[in-house]
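Written out below as C-alpha coordinates is the structure these notes cover.
We call the chains A, B, C and D, going by the order they appear; numbering starts again at 1 in every chain.
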(Lines give C-alpha, C1' and ligand atoms only; values in the text may rest on other atoms or scores of the structure.)
Protein backbone atom coordinates (compact mmCIF):
# COMPACT_ATOMS: atom_id res chain seq x y z
CA UNK A 1 0.00 0.00 0.00
CA UNK A 2 2.67 2.45 0.99
CA UNK A 3 4.66 1.55 -2.13
CA UNK A 4 1.61 2.39 -4.24
CA UNK A 5 1.17 5.70 -2.41
CA UNK A 6 4.85 6.51 -2.89
CA UNK A 7 4.42 5.80 -6.58
CA UNK A 8 1.43 8.17 -6.67
CA UNK A 9 3.53 10.85 -4.94
CA UNK A 10 6.38 10.47 -7.40
CA UNK A 11 4.17 10.39 -10.51
CA UNK A 12 2.04 13.35 -9.42
CA UNK A 13 5.04 15.46 -8.45
CA UNK A 14 6.84 14.68 -11.70
CA UNK A 15 3.72 15.71 -13.61
CA UNK A 16 3.57 18.91 -11.54
CA UNK A 17 7.19 19.66 -12.38
CA UNK A 18 6.36 19.24 -16.05
CA UNK A 19 3.67 21.89 -15.84
CA UNK A 20 5.96 24.29 -14.00
CA UNK A 21 8.51 23.78 -16.75
CA UNK A 22 5.86 24.23 -19.44
CA UNK A 23 4.53 27.38 -17.81
CA UNK A 24 8.00 28.89 -17.57
CA UNK A 25 8.93 28.00 -21.13
CA UNK A 26 5.66 29.56 -22.26
CA UNK A 27 6.31 32.69 -20.23
CA UNK A 28 9.69 33.02 -21.89
CA UNK A 29 8.96 31.94 -25.43
CA UNK A 30 5.42 32.99 -26.30
CA UNK A 31 5.33 36.07 -28.52
CA UNK A 32 2.62 38.26 -26.96
CA UNK A 33 1.61 39.07 -23.37
CA UNK A 34 -1.79 37.38 -23.50
CA UNK A 35 -0.32 34.01 -24.56
CA UNK A 36 2.32 34.39 -21.88
CA UNK A 37 -0.46 34.93 -19.34
CA UNK A 38 -2.11 31.76 -20.61
CA UNK A 39 1.10 29.80 -20.02
CA UNK A 40 1.48 31.29 -16.53
CA UNK A 41 -1.89 30.04 -15.31
CA UNK A 42 -0.99 26.46 -16.26
CA UNK A 43 1.83 26.46 -13.75
CA UNK A 44 -0.43 27.92 -11.07
CA UNK A 45 -3.36 25.60 -11.55
CA UNK A 46 -1.94 22.27 -12.68
CA UNK A 47 1.66 22.51 -11.50
CA UNK A 48 0.88 23.37 -7.90
CA UNK A 49 -2.27 21.23 -7.97
CA UNK A 50 -0.43 18.06 -8.97
CA UNK A 51 2.26 18.70 -6.38
CA UNK A 52 -0.42 19.10 -3.72
CA UNK A 53 -2.00 15.83 -4.89
CA UNK A 54 1.38 14.17 -4.67
CA UNK A 55 1.97 15.41 -1.14
CA UNK A 56 -1.49 14.48 0.17
CA UNK A 57 -0.49 10.90 1.18
CA UNK A 58 2.32 12.38 3.29
CA UNK A 59 0.19 15.09 4.89
CA UNK A 60 -0.32 13.23 8.14
CA UNK A 61 -3.80 13.79 9.45
CA UNK A 62 -6.92 15.61 8.40
CA UNK A 63 -5.64 19.09 9.34
CA UNK A 64 -2.57 18.57 7.17
CA UNK A 65 -4.73 17.50 4.21
CA UNK A 66 -7.05 20.47 4.72
CA UNK A 67 -4.12 22.89 4.82
CA UNK A 68 -2.64 21.50 1.61
CA UNK A 69 -5.97 21.70 -0.20
CA UNK A 70 -6.50 25.22 1.16
CA UNK A 71 -3.11 26.29 -0.21
CA UNK A 72 -4.10 25.02 -3.64
CA UNK A 73 -7.54 26.62 -3.48
CA UNK A 74 -6.11 29.98 -2.44
CA UNK A 75 -3.50 29.96 -5.18
CA UNK A 76 -6.18 28.99 -7.72
CA UNK A 77 -8.33 31.88 -6.57
CA UNK A 78 -5.42 34.31 -6.65
CA UNK A 79 -4.18 33.15 -10.03
CA UNK A 80 -7.61 33.25 -11.66
CA UNK A 81 -8.21 36.78 -10.37
CA UNK A 82 -4.76 38.01 -11.25
CA UNK A 83 -5.00 36.54 -14.76
CA UNK A 84 -8.26 38.41 -15.26
CA UNK A 85 -6.86 41.67 -13.91
CA UNK A 86 -3.61 41.52 -15.85
CA UNK A 87 -5.44 40.58 -19.05
CA UNK A 88 -7.61 43.68 -18.55
CA UNK A 89 -4.52 45.82 -17.99
CA UNK A 90 -2.89 44.43 -21.14
CA UNK A 91 -6.00 45.12 -23.21
CA UNK A 92 -6.28 48.68 -22.00
CA UNK A 93 -2.68 49.36 -22.85
CA UNK A 94 -3.23 48.01 -26.35
CA UNK A 95 -0.36 46.41 -28.20
CA UNK A 96 2.22 48.79 -26.78
CA UNK A 97 3.40 46.27 -24.15
CA UNK B 1 29.46 24.15 3.88
CA UNK B 2 26.22 23.88 5.81
CA UNK B 3 22.98 25.80 5.37
CA UNK B 4 23.73 28.23 8.18
CA UNK B 5 27.15 29.30 6.87
CA UNK B 6 25.74 29.67 3.38
CA UNK B 7 22.94 31.87 4.70
CA UNK B 8 25.57 33.86 6.60
CA UNK B 9 27.55 34.56 3.44
CA UNK B 10 24.30 35.46 1.66
CA UNK B 11 23.47 37.87 4.48
CA UNK B 12 26.93 39.47 4.31
CA UNK B 13 26.64 39.94 0.54
CA UNK B 14 23.15 41.39 0.95
CA UNK B 15 24.52 43.94 3.40
CA UNK B 16 27.19 44.87 0.85
CA UNK B 17 24.69 45.12 -2.01
CA UNK B 18 22.24 47.14 0.06
CA UNK B 19 24.97 49.50 1.20
CA UNK B 20 26.13 49.99 -2.39
CA UNK B 21 22.60 50.79 -3.56
CA UNK B 22 22.07 53.13 -0.63
CA UNK B 23 25.26 55.06 -1.33
CA UNK B 24 25.24 55.19 -5.13
CA UNK B 25 21.59 55.46 -6.14
CA UNK B 26 20.44 59.09 -6.04
CA UNK B 27 16.69 58.41 -6.04
CA UNK B 28 15.06 58.23 -2.61
CA UNK B 29 12.71 55.31 -3.32
CA UNK B 30 15.65 53.26 -4.56
CA UNK B 31 17.63 54.19 -1.46
CA UNK B 32 14.71 52.92 0.58
CA UNK B 33 14.68 49.60 -1.29
CA UNK B 34 18.43 49.28 -0.83
CA UNK B 35 18.12 50.06 2.85
CA UNK B 36 15.55 47.30 3.21
CA UNK B 37 17.95 44.89 1.48
CA UNK B 38 20.66 45.90 3.94
CA UNK B 39 18.27 45.34 6.83
CA UNK B 40 17.22 41.91 5.67
CA UNK B 41 20.89 40.98 5.30
CA UNK B 42 21.44 41.89 8.94
CA UNK B 43 18.36 39.87 9.92
CA UNK B 44 19.79 36.91 8.05
CA UNK B 45 23.01 37.16 10.09
CA UNK B 46 20.85 36.97 13.22
CA UNK B 47 19.20 33.90 11.72
CA UNK B 48 22.59 32.24 11.27
CA UNK B 49 23.44 32.80 14.93
CA UNK B 50 20.03 31.42 15.87
CA UNK B 51 20.52 28.29 13.76
CA UNK B 52 23.98 27.68 15.14
CA UNK B 53 22.61 28.12 18.62
CA UNK B 54 20.30 25.15 18.24
CA UNK B 55 20.06 23.43 21.61
CA UNK B 56 17.65 22.02 24.14
CA UNK B 57 15.60 20.29 21.48
CA UNK B 58 14.77 23.33 19.38
CA UNK B 59 16.29 23.85 15.96
CA UNK B 60 17.18 27.53 16.39
CA UNK B 61 17.87 29.83 19.34
CA UNK B 62 14.59 31.65 20.03
CA UNK B 63 16.12 34.92 21.28
CA UNK B 64 17.61 36.13 17.96
CA UNK B 65 14.47 34.87 16.21
CA UNK B 66 12.28 37.05 18.41
CA UNK B 67 14.56 40.03 17.82
CA UNK B 68 14.32 39.55 14.06
CA UNK B 69 10.51 39.39 14.23
CA UNK B 70 10.43 42.68 16.11
CA UNK B 71 12.97 44.05 13.66
CA UNK B 72 10.91 43.17 10.59
CA UNK B 73 7.88 44.96 11.99
CA UNK B 74 9.89 48.06 12.96
CA UNK B 75 11.60 48.09 9.55
CA UNK B 76 8.19 48.02 7.93
CA UNK B 77 6.89 50.97 9.96
CA UNK B 78 10.01 52.97 9.19
CA UNK B 79 9.64 52.17 5.48
CA UNK B 80 5.99 53.18 5.51
CA UNK B 81 6.82 56.50 7.20
CA UNK B 82 9.59 57.17 4.69
CA UNK B 83 7.31 56.35 1.75
CA UNK B 84 4.66 58.71 3.13
CA UNK B 85 7.24 61.49 3.47
CA UNK B 86 8.46 60.87 -0.05
CA UNK B 87 4.99 60.89 -1.58
CA UNK B 88 4.16 64.10 0.29
CA UNK B 89 7.36 65.70 -0.99
CA UNK B 90 6.43 64.65 -4.52
CA UNK B 91 2.93 66.08 -4.11
CA UNK B 92 4.31 69.38 -2.79
CA UNK B 93 7.08 69.88 -5.33
CA UNK B 94 6.32 67.53 -8.21
CA UNK B 95 9.78 66.06 -7.78
CA UNK B 96 11.18 63.17 -5.84
CA UNK B 97 14.71 64.16 -5.10
CA UNK B 98 16.69 64.90 -2.00
CA UNK B 99 18.54 67.83 -3.58
CA UNK B 100 17.72 71.15 -2.00
CA UNK B 101 18.87 73.03 -5.11
CA UNK B 102 16.73 75.74 -6.71
CA UNK B 103 14.41 76.19 -8.52
CA UNK B 104 12.18 74.54 -5.96
CA UNK B 105 9.85 76.68 -3.91
CA UNK B 106 9.41 74.07 -1.23
CA UNK B 107 12.87 72.53 -1.19
CA UNK B 108 13.30 73.48 2.44
CA UNK B 109 10.45 71.17 3.39
CA UNK B 110 11.92 68.33 1.45
CA UNK B 111 15.53 68.28 2.44
CA UNK B 112 14.69 66.40 5.59
CA UNK B 113 13.12 63.49 3.76
CA UNK C 1 11.96 9.98 -0.82
CA UNK C 2 13.39 12.97 1.01
CA UNK C 3 16.02 13.37 -1.65
CA UNK C 4 13.37 13.21 -4.37
CA UNK C 5 11.20 15.86 -2.72
CA UNK C 6 14.14 18.20 -2.19
CA UNK C 7 15.32 17.73 -5.77
CA UNK C 8 11.79 18.51 -6.95
CA UNK C 9 11.85 21.72 -4.88
CA UNK C 10 15.21 22.61 -6.37
CA UNK C 11 13.95 21.92 -9.88
CA UNK C 12 10.93 24.18 -9.40
CA UNK C 13 13.10 26.98 -8.06
CA UNK C 14 15.48 26.60 -10.97
CA UNK C 15 12.57 26.66 -13.42
CA UNK C 16 10.85 29.74 -12.06
CA UNK C 17 14.23 31.41 -11.68
CA UNK C 18 14.63 31.06 -15.43
CA UNK C 19 11.24 32.70 -15.71
CA UNK C 20 12.68 35.69 -13.88
CA UNK C 21 14.42 36.64 -17.10
CA UNK C 22 11.03 38.21 -17.81
CA UNK C 23 11.58 40.61 -14.90
CA UNK C 24 14.85 41.61 -16.52
CA UNK C 25 13.63 41.84 -20.10
CA UNK C 26 10.08 42.99 -19.55
CA UNK C 27 9.18 44.40 -22.04
CA UNK C 28 6.12 45.68 -20.20
CA UNK C 29 5.40 45.92 -16.49
CA UNK C 30 2.66 43.31 -17.03
CA UNK C 31 5.32 40.77 -17.99
CA UNK C 32 7.37 41.64 -14.92
CA UNK C 33 4.32 41.13 -12.75
CA UNK C 34 3.63 37.77 -14.40
CA UNK C 35 7.15 36.58 -13.64
CA UNK C 36 6.72 37.62 -10.00
CA UNK C 37 3.40 35.78 -9.88
CA UNK C 38 5.03 32.62 -11.27
CA UNK C 39 7.80 32.93 -8.71
CA UNK C 40 5.20 33.19 -5.96
CA UNK C 41 3.50 29.98 -7.02
CA UNK C 42 6.86 28.26 -7.46
CA UNK C 43 8.03 29.36 -4.02
CA UNK C 44 4.78 28.06 -2.49
CA UNK C 45 5.24 24.70 -4.21
CA UNK C 46 8.91 24.49 -3.19
CA UNK C 47 7.94 25.36 0.37
CA UNK C 48 5.35 22.57 0.50
CA UNK C 49 7.93 20.11 -0.83
CA UNK C 50 10.60 21.24 1.64
CA UNK C 51 8.07 21.12 4.48
CA UNK C 52 7.13 17.57 3.56
CA UNK C 53 10.75 16.51 3.18
CA UNK C 54 12.24 18.02 6.34
CA UNK C 55 9.14 17.98 8.50
CA UNK C 56 9.87 21.47 9.84
CA UNK C 57 6.79 22.13 11.99
CA UNK C 58 4.64 25.03 10.84
CA UNK C 59 6.24 25.31 7.41
CA UNK C 60 2.90 24.51 5.79
CA UNK C 61 1.46 27.53 7.61
CA UNK C 62 4.06 29.67 5.86
CA UNK C 63 2.86 28.27 2.54
CA UNK C 64 -0.69 29.08 3.60
CA UNK C 65 0.35 32.65 4.33
CA UNK C 66 2.10 32.95 0.97
CA UNK C 67 -0.98 31.57 -0.79
CA UNK C 68 -3.25 34.06 0.99
CA UNK C 69 -1.03 36.93 -0.10
CA UNK C 70 -0.34 35.57 -3.59
CA UNK C 71 -2.57 38.09 -5.34
CA UNK C 72 -1.55 41.20 -3.37
CA UNK C 73 1.34 42.54 -5.38
CA UNK C 74 -0.47 42.00 -8.67
CA UNK C 75 -3.64 43.66 -7.39
CA UNK C 76 -1.64 46.65 -6.19
CA UNK C 77 0.02 46.78 -9.59
CA UNK C 78 -3.23 46.67 -11.57
CA UNK C 79 -4.82 49.24 -9.26
CA UNK C 80 -2.04 51.71 -9.84
CA UNK C 81 -1.31 50.90 -13.48
CA UNK C 82 -4.34 52.74 -14.85
CA UNK C 83 -3.59 55.06 -17.78
CA UNK C 84 -2.80 58.56 -16.50
CA UNK C 85 -5.90 60.30 -17.84
CA UNK C 86 -8.19 57.75 -16.23
CA UNK C 87 -6.19 58.06 -13.09
CA UNK C 88 -6.97 61.75 -12.99
CA UNK C 89 -10.67 61.20 -13.47
CA UNK C 90 -10.98 58.65 -10.75
CA UNK C 91 -8.55 60.03 -8.24
CA UNK C 92 -9.15 63.71 -8.69
CA UNK C 93 -8.73 64.32 -4.98
CA UNK C 94 -5.39 62.57 -4.86
CA UNK C 95 -3.17 64.38 -7.29
CA UNK D 1 23.34 15.89 1.78
CA UNK D 2 24.44 16.98 -1.65
CA UNK D 3 20.83 17.55 -2.74
CA UNK D 4 20.29 19.81 0.26
CA UNK D 5 23.48 21.65 -0.58
CA UNK D 6 22.45 22.17 -4.19
CA UNK D 7 19.04 23.44 -3.11
CA UNK D 8 20.55 25.87 -0.62
CA UNK D 9 23.17 27.15 -3.03
CA UNK D 10 20.56 27.65 -5.74
CA UNK D 11 18.28 29.48 -3.32
CA UNK D 12 21.11 31.73 -2.13
CA UNK D 13 22.12 32.53 -5.71
CA UNK D 14 18.54 33.38 -6.59
CA UNK D 15 18.11 35.64 -3.54
CA UNK D 16 21.34 37.45 -4.38
CA UNK D 17 20.43 37.82 -8.05
CA UNK D 18 17.09 39.41 -7.15
CA UNK D 19 18.79 41.70 -4.64
CA UNK D 20 21.28 42.78 -7.31
CA UNK D 21 18.38 43.43 -9.69
CA UNK D 22 16.62 45.54 -7.05
CA UNK D 23 19.74 47.67 -6.76
CA UNK D 24 20.61 47.82 -10.45
CA UNK D 25 17.23 48.08 -12.22
CA UNK D 26 16.80 51.26 -14.21
CA UNK D 27 13.15 51.80 -13.33
CA UNK D 28 11.83 52.08 -9.79
CA UNK D 29 8.79 49.96 -10.62
CA UNK D 30 10.86 47.05 -11.91
CA UNK D 31 13.02 47.29 -8.79
CA UNK D 32 9.94 47.15 -6.56
CA UNK D 33 8.69 44.01 -8.33
CA UNK D 34 12.13 42.50 -7.84
CA UNK D 35 11.96 43.32 -4.14
CA UNK D 36 8.59 41.56 -3.79
CA UNK D 37 10.01 38.41 -5.40
CA UNK D 38 13.06 38.73 -3.17
CA UNK D 39 10.88 38.82 -0.05
CA UNK D 40 9.07 35.66 -1.16
CA UNK D 41 12.32 33.75 -1.53
CA UNK D 42 13.68 35.10 1.72
CA UNK D 43 10.85 33.44 3.62
CA UNK D 44 12.00 30.17 2.03
CA UNK D 45 15.50 30.82 3.36
CA UNK D 46 14.07 31.34 6.85
CA UNK D 47 12.32 27.97 6.64
CA UNK D 48 15.65 26.41 5.67
CA UNK D 49 17.13 27.98 8.82
CA UNK D 50 14.31 26.38 10.84
CA UNK D 51 13.13 29.81 11.95
CA UNK D 52 9.52 29.24 10.95
CA UNK D 53 8.16 32.07 13.10
CA UNK D 54 10.41 34.48 11.23
CA UNK D 55 9.45 32.92 7.89
CA UNK D 56 5.79 33.58 8.64
CA UNK D 57 6.53 37.20 9.52
CA UNK D 58 8.67 37.68 6.44
CA UNK D 59 6.02 36.12 4.18
CA UNK D 60 3.23 38.29 5.55
CA UNK D 61 4.97 41.61 6.23
CA UNK D 62 8.28 41.50 4.38
CA UNK D 63 6.81 40.42 1.10
CA UNK D 64 3.04 40.89 1.13
CA UNK D 65 2.33 44.17 2.88
CA UNK D 66 5.64 45.86 2.02
CA UNK D 67 5.10 44.81 -1.59
CA UNK D 68 1.80 46.67 -1.79
CA UNK D 69 3.38 49.73 -0.17
CA UNK D 70 6.36 49.84 -2.52
CA UNK D 71 4.50 49.05 -5.74
CA UNK D 72 1.97 51.81 -5.01
CA UNK D 73 4.75 54.25 -4.22
CA UNK D 74 6.71 53.37 -7.36
CA UNK D 75 3.62 53.76 -9.53
CA UNK D 76 2.75 57.13 -8.04
CA UNK D 77 6.28 58.48 -8.33
CA UNK D 78 6.41 57.59 -12.00
CA UNK D 79 5.69 61.15 -13.07
CA UNK D 80 8.60 62.50 -11.06
CA UNK D 81 11.23 64.30 -13.09
CA UNK D 82 14.65 62.75 -12.62
CA UNK D 83 16.37 65.94 -13.80
CA UNK D 84 18.31 66.65 -10.63
CA UNK D 85 19.18 63.05 -9.90
CA UNK D 86 22.43 62.59 -11.75
CA UNK D 87 24.18 59.43 -10.57
CA UNK D 88 27.57 59.39 -8.92
CA UNK D 89 30.63 59.87 -11.09
CA UNK D 90 32.15 56.54 -12.18
CA UNK D 91 35.31 56.81 -10.03
CA UNK D 92 33.21 57.47 -6.94
CA UNK D 93 30.92 54.59 -7.86
CA UNK D 94 33.93 52.32 -8.17
CA UNK D 95 35.24 53.47 -4.81
CA UNK D 96 31.85 52.89 -3.21
CA UNK D 97 31.75 49.41 -4.76
CA UNK D 98 35.17 48.54 -3.36
CA UNK D 99 34.24 49.78 0.10
CA UNK D 100 30.93 47.88 0.11
CA UNK D 101 32.71 44.74 -1.08
CA UNK D 102 35.13 45.13 1.80
CA UNK D 103 32.26 45.48 4.28
CA UNK D 104 30.58 42.38 2.85
CA UNK D 105 33.85 40.46 2.88
CA UNK D 106 34.60 41.40 6.48
CA UNK D 107 31.10 40.36 7.54
CA UNK D 108 31.36 37.05 5.66
CA UNK D 109 34.74 36.34 7.24
CA UNK D 110 33.33 37.13 10.66
CA UNK D 111 30.42 34.76 10.09
CA UNK D 112 32.76 31.97 9.02
CA UNK D 113 35.18 32.56 11.91
CA UNK D 114 32.52 32.72 14.59
CA UNK D 115 32.22 29.66 16.84
CA UNK D 116 29.91 26.93 15.65
CA UNK D 117 27.87 26.01 17.65
CA UNK D 118 27.29 29.57 18.75
CA UNK D 119 26.65 30.59 22.34
CA UNK D 120 22.97 30.12 22.90
CA UNK D 121 20.18 31.06 25.25
CA UNK D 122 17.98 28.24 24.01
CA UNK D 123 18.36 26.04 27.15
CA UNK D 124 17.36 28.92 29.42
CA UNK D 125 14.49 29.88 27.13
CA UNK D 126 13.19 26.31 27.06
CA UNK D 127 13.91 25.71 30.74
CA UNK D 128 11.68 28.59 31.83
CA UNK D 129 8.84 27.69 29.49
CA UNK D 130 6.80 25.87 32.20
CA UNK D 131 6.50 29.09 34.22
CA UNK D 132 4.88 30.81 31.24
CA UNK D 133 2.64 27.92 30.29
CA UNK D 134 3.66 28.34 26.64
CA UNK D 135 5.10 25.77 24.28
CA UNK D 136 6.65 28.10 21.71
CA UNK D 137 9.91 29.54 22.99
CA UNK D 138 9.86 32.39 20.46
CA UNK D 139 6.49 33.60 21.73
CA UNK D 140 7.79 33.28 25.29
CA UNK D 141 10.79 35.48 24.43
CA UNK D 142 8.54 38.04 22.76
CA UNK D 143 5.82 38.36 25.36
CA UNK D 144 7.52 37.26 28.55
CA UNK D 145 11.33 37.35 28.70
CA UNK D 146 11.74 40.40 26.50
CA UNK D 147 8.28 41.83 27.02
CA UNK D 148 9.55 45.39 27.47
CA UNK D 149 11.08 45.29 24.01
CA UNK D 150 7.90 44.04 22.39
CA UNK D 151 5.74 46.59 24.16
CA UNK D 152 7.92 49.47 23.02
CA UNK D 153 7.86 48.04 19.53
CA UNK D 154 4.06 48.32 19.56
CA UNK D 155 4.52 51.93 20.61
CA UNK D 156 6.81 52.43 17.62
CA UNK D 157 4.04 51.15 15.34
CA UNK D 158 1.57 53.65 16.78
CA UNK D 159 4.15 56.44 16.53
CA UNK D 160 4.70 55.58 12.88
CA UNK D 161 0.96 55.94 12.26
CA UNK D 162 1.02 59.30 14.05
CA UNK D 163 3.96 60.32 11.89
CA UNK D 164 2.22 59.30 8.67
CA UNK D 165 -1.02 61.03 9.65
CA UNK D 166 0.78 64.21 10.58
CA UNK D 167 1.78 64.58 6.92
CA UNK D 168 -1.82 65.36 6.03
CA UNK D 169 -2.47 68.67 4.28
CA UNK D 170 -4.30 71.07 6.60
CA UNK D 171 -7.58 70.85 4.74
CA UNK D 172 -7.63 67.08 4.91
CA UNK D 173 -6.98 66.62 8.61
CA UNK D 174 -9.64 64.38 10.10
CA UNK D 175 -10.54 62.95 6.71
CA UNK D 176 -9.95 59.51 5.24
CA UNK D 177 -6.63 58.29 3.85
CA UNK D 178 -6.50 57.76 0.11
CA UNK D 179 -7.01 54.05 0.55
CA UNK D 180 -5.48 51.80 -2.10
CA UNK D 181 -8.71 51.57 -4.04
CA UNK D 182 -9.05 50.40 -7.62
CA UNK D 183 -8.95 52.81 -10.53
CA UNK D 184 -12.18 51.26 -11.82
CA UNK D 185 -14.53 48.63 -10.41
CA UNK D 186 -13.38 45.12 -11.28
CA UNK D 187 -15.83 42.27 -10.81
CA UNK D 188 -13.10 39.66 -10.48
CA UNK D 189 -11.28 41.70 -7.85
CA UNK D 190 -14.49 42.24 -5.89
CA UNK D 191 -15.10 38.49 -5.96
CA UNK D 192 -11.59 37.80 -4.64
CA UNK D 193 -12.11 40.36 -1.89
CA UNK D 194 -15.31 38.65 -0.86
CA UNK D 195 -14.02 35.06 -0.86
CA UNK D 196 -10.54 35.65 0.57
CA UNK D 197 -11.27 37.44 3.89
CA UNK D 198 -13.42 34.73 5.52
CA UNK D 199 -10.66 32.19 4.86
CA UNK D 200 -7.93 34.64 5.73
CA UNK D 201 -9.53 35.59 9.02
CA UNK D 202 -9.73 31.91 9.98
CA UNK D 203 -6.08 31.39 9.04
CA UNK D 204 -5.01 34.59 10.82
CA UNK D 205 -6.74 33.66 14.06
CA UNK D 206 -5.46 30.10 13.73
CA UNK D 207 -1.89 31.35 13.41
CA UNK D 208 -2.34 33.71 16.36
CA UNK D 209 -3.84 30.93 18.49
CA UNK D 210 -1.34 28.16 17.73
CA UNK D 211 1.42 30.71 18.37
CA UNK D 212 1.33 29.76 22.02
CA UNK D 213 2.70 26.29 21.29
CA UNK D 214 3.76 26.15 17.65
CA UNK D 215 5.22 28.63 15.16
CA UNK D 216 2.92 31.62 14.86
CA UNK D 217 1.77 34.40 17.11
CA UNK D 218 0.37 37.89 17.32
CA UNK D 219 2.63 39.47 14.69
CA UNK D 220 2.02 36.84 12.06
CA UNK D 221 -1.70 36.43 12.68
CA UNK D 222 -2.20 40.18 12.90
CA UNK D 223 -0.35 40.75 9.63
CA UNK D 224 -2.62 38.27 7.84
CA UNK D 225 -5.72 39.94 9.30
CA UNK D 226 -4.28 43.28 8.18
CA UNK D 227 -3.86 41.91 4.67
CA UNK D 228 -7.52 40.86 4.63
CA UNK D 229 -8.63 44.36 5.52
CA UNK D 230 -6.32 45.72 2.85
CA UNK D 231 -7.75 43.51 0.12
CA UNK D 232 -11.28 44.76 0.81
CA UNK D 233 -10.00 48.33 0.52
CA UNK D 234 -8.00 47.51 -2.60
CA UNK D 235 -11.12 46.10 -4.21
CA UNK D 236 -13.08 49.20 -3.31
CA UNK D 237 -15.51 47.27 -1.10
CA UNK D 238 -14.69 49.30 1.99
CA UNK D 239 -13.37 52.81 2.48
CA UNK D 240 -10.57 53.60 4.88
CA UNK D 241 -12.04 55.08 8.06
CA UNK D 242 -11.42 58.76 8.73
CA UNK D 243 -8.43 59.33 10.99
CA UNK D 244 -10.62 61.19 13.45
CA UNK D 245 -12.63 58.01 14.09
CA UNK D 246 -12.57 57.25 17.81
CA UNK D 247 -13.07 53.55 17.23
CA UNK D 248 -10.06 53.36 14.92
CA UNK D 249 -7.90 55.25 17.39
CA UNK D 250 -8.98 52.99 20.25
CA UNK D 251 -8.07 49.89 18.25
CA UNK D 252 -4.71 51.39 17.31
CA UNK D 253 -3.67 52.04 20.90
CA UNK D 254 -5.39 49.04 22.51
CA UNK D 255 -2.40 46.71 22.08
CA UNK D 256 0.25 48.82 23.82
CA UNK D 257 -2.30 50.14 26.33
CA UNK D 258 -3.37 46.66 27.47
CA UNK D 259 0.27 45.55 27.53
CA UNK D 260 1.24 48.54 29.68
CA UNK D 261 -1.76 48.14 31.99
CA UNK D 262 -0.97 44.48 32.65
CA UNK D 263 2.71 45.35 33.04
CA UNK D 264 1.87 47.98 35.67
CA UNK D 265 -0.52 45.62 37.41
CA UNK D 266 2.42 43.22 37.63
CA UNK D 267 4.21 45.72 39.88
CA UNK D 268 1.48 45.32 42.47
CA UNK D 269 0.51 41.69 42.01
CA UNK D 270 3.65 39.89 40.90
CA UNK D 271 6.32 42.17 42.31
CA UNK D 272 7.81 43.58 39.11
CA UNK D 273 7.02 45.61 36.01
CA UNK D 274 5.74 43.26 33.28
CA UNK D 275 5.94 40.28 35.64
CA UNK D 276 3.08 37.83 35.39
CA UNK D 277 1.65 36.19 38.52
CA UNK D 278 2.58 32.51 38.47
CA UNK D 279 -0.24 30.25 37.44
CA UNK D 280 -2.09 32.80 35.35
CA UNK D 281 0.76 33.70 33.02
CA UNK D 282 -0.64 31.94 29.98
CA UNK D 283 -4.14 33.50 30.02
CA UNK D 284 -2.59 36.93 30.55
CA UNK D 285 -0.13 36.41 27.69
CA UNK D 286 -2.93 35.31 25.37
CA UNK D 287 -5.01 38.31 26.46
CA UNK D 288 -2.18 40.70 25.65
CA UNK D 289 -1.52 38.92 22.37
CA UNK D 290 -5.17 39.17 21.32
CA UNK D 291 -5.05 42.96 21.63
CA UNK D 292 -1.66 43.10 19.95
CA UNK D 293 -3.08 41.13 17.03
CA UNK D 294 -5.89 43.66 16.77
CA UNK D 295 -3.49 46.61 16.88
CA UNK D 296 -1.26 45.11 14.18
CA UNK D 297 -4.28 44.29 12.02
CA UNK D 298 -5.32 47.96 12.17
CA UNK D 299 -1.86 49.58 12.06
CA UNK D 300 -0.41 47.95 8.97
CA UNK D 301 -3.27 48.93 6.61
CA UNK D 302 -3.23 52.48 8.01
CA UNK D 303 0.51 52.69 7.34
CA UNK D 304 0.01 51.48 3.77
CA UNK D 305 -2.98 53.78 3.20
CA UNK D 306 -0.89 56.84 4.03
CA UNK D 307 -1.93 60.27 5.30
CA UNK D 308 -5.50 61.58 4.98
CA UNK D 309 -6.14 62.82 1.47
CA UNK D 310 -9.79 63.72 1.52
CA UNK D 311 -11.35 66.55 3.48
CA UNK D 312 -13.48 65.28 6.37
CA UNK D 313 -17.12 64.79 5.63
CA UNK D 314 -19.33 67.09 7.65
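Note that a residue touches a chain if its C-beta (ideal position, glycine included) is under 8 Å from a C-beta of that chain, and two chains touch if they have at least 3 such contacts.
Given the structure is predicted, the values throughout are model-derived calculations rather than measurements.
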- [ ] Determine, using the mean of C-alpha atoms as each chain's centre, which chain is farthest from chain A.
- [x] B
Open item on the list: Give me the two chains with the most inter-chain contact pairs.
Closed with: B-D
TODO: Report, in whole Å, the distance between the mean C-alpha point of chain C and the mean C-alpha point of chain D.
DONE: 18
Task: For chain B paired with chain D, centre-to-centre distance based on mean C-alpha positions, whole Å - done: 13
Task: Centre-to-centre distance between chain C and chain B (centres being mean Cα positions), rounded to whole Å - done: 21
Open item on the list: Among all residues of chain A, which ones touch two or more of the remaining chains?
Closed with: 70, 74, 77-78, 81, 85, 88
- [ ] Two or more other chains in contact with one residue: find those residues in chain C.
- [x] 29, 33, 35, 56, 61, 64, 68, 71, 75, 77-78, 81-82
Task: Residue numbers of chain B (touch at least two other chains) - done: 59
Open item on the list: Touching residues of chain D toward chain A in the complex: what are they?
Closed with: 186, 188-189, 191-192, 195-196, 199, 203
Task: Residue ranges of chain D touching chain C (in the complex, touch as defined) - done: 3-4, 6-7, 10-11, 14, 17-18, 21, 29-30, 33-34, 36-37, 40-41, 43-44, 47-48, 50, 52-53, 55-56, 59-60, 63-65, 67-68, 71-72, 75-76, 79, 178, 180-184, 186, 189, 192, 196, 199-200, 203, 207, 210, 214-216, 220, 224, 227, 230-231, 234-235, 309-310
- [ ] In the complex, go through chain B and note every residue touching chain D.
- [x] 1, 3-21, 23-27, 29-30, 32-34, 36-37, 40, 43-45, 47-63, 65-70, 72-74, 76-81, 83-88, 90, 94-97, 99, 101
TODO: Spell out the part of chain C that touches chain D in their complex, as residue ranges.
DONE: 3, 6-7, 9-10, 13-14, 17, 20, 23-24, 26, 29, 32-33, 35-36, 39-40, 43, 46-47, 50-51, 56-59, 61-62, 64-66, 68-69, 71-73, 75-82, 84, 86-87, 90-91, 93-94
Task: chain D-touching residues of chain A, taken from the complex the two chains share - done: 70, 74, 77-78, 80-81, 84-85, 88
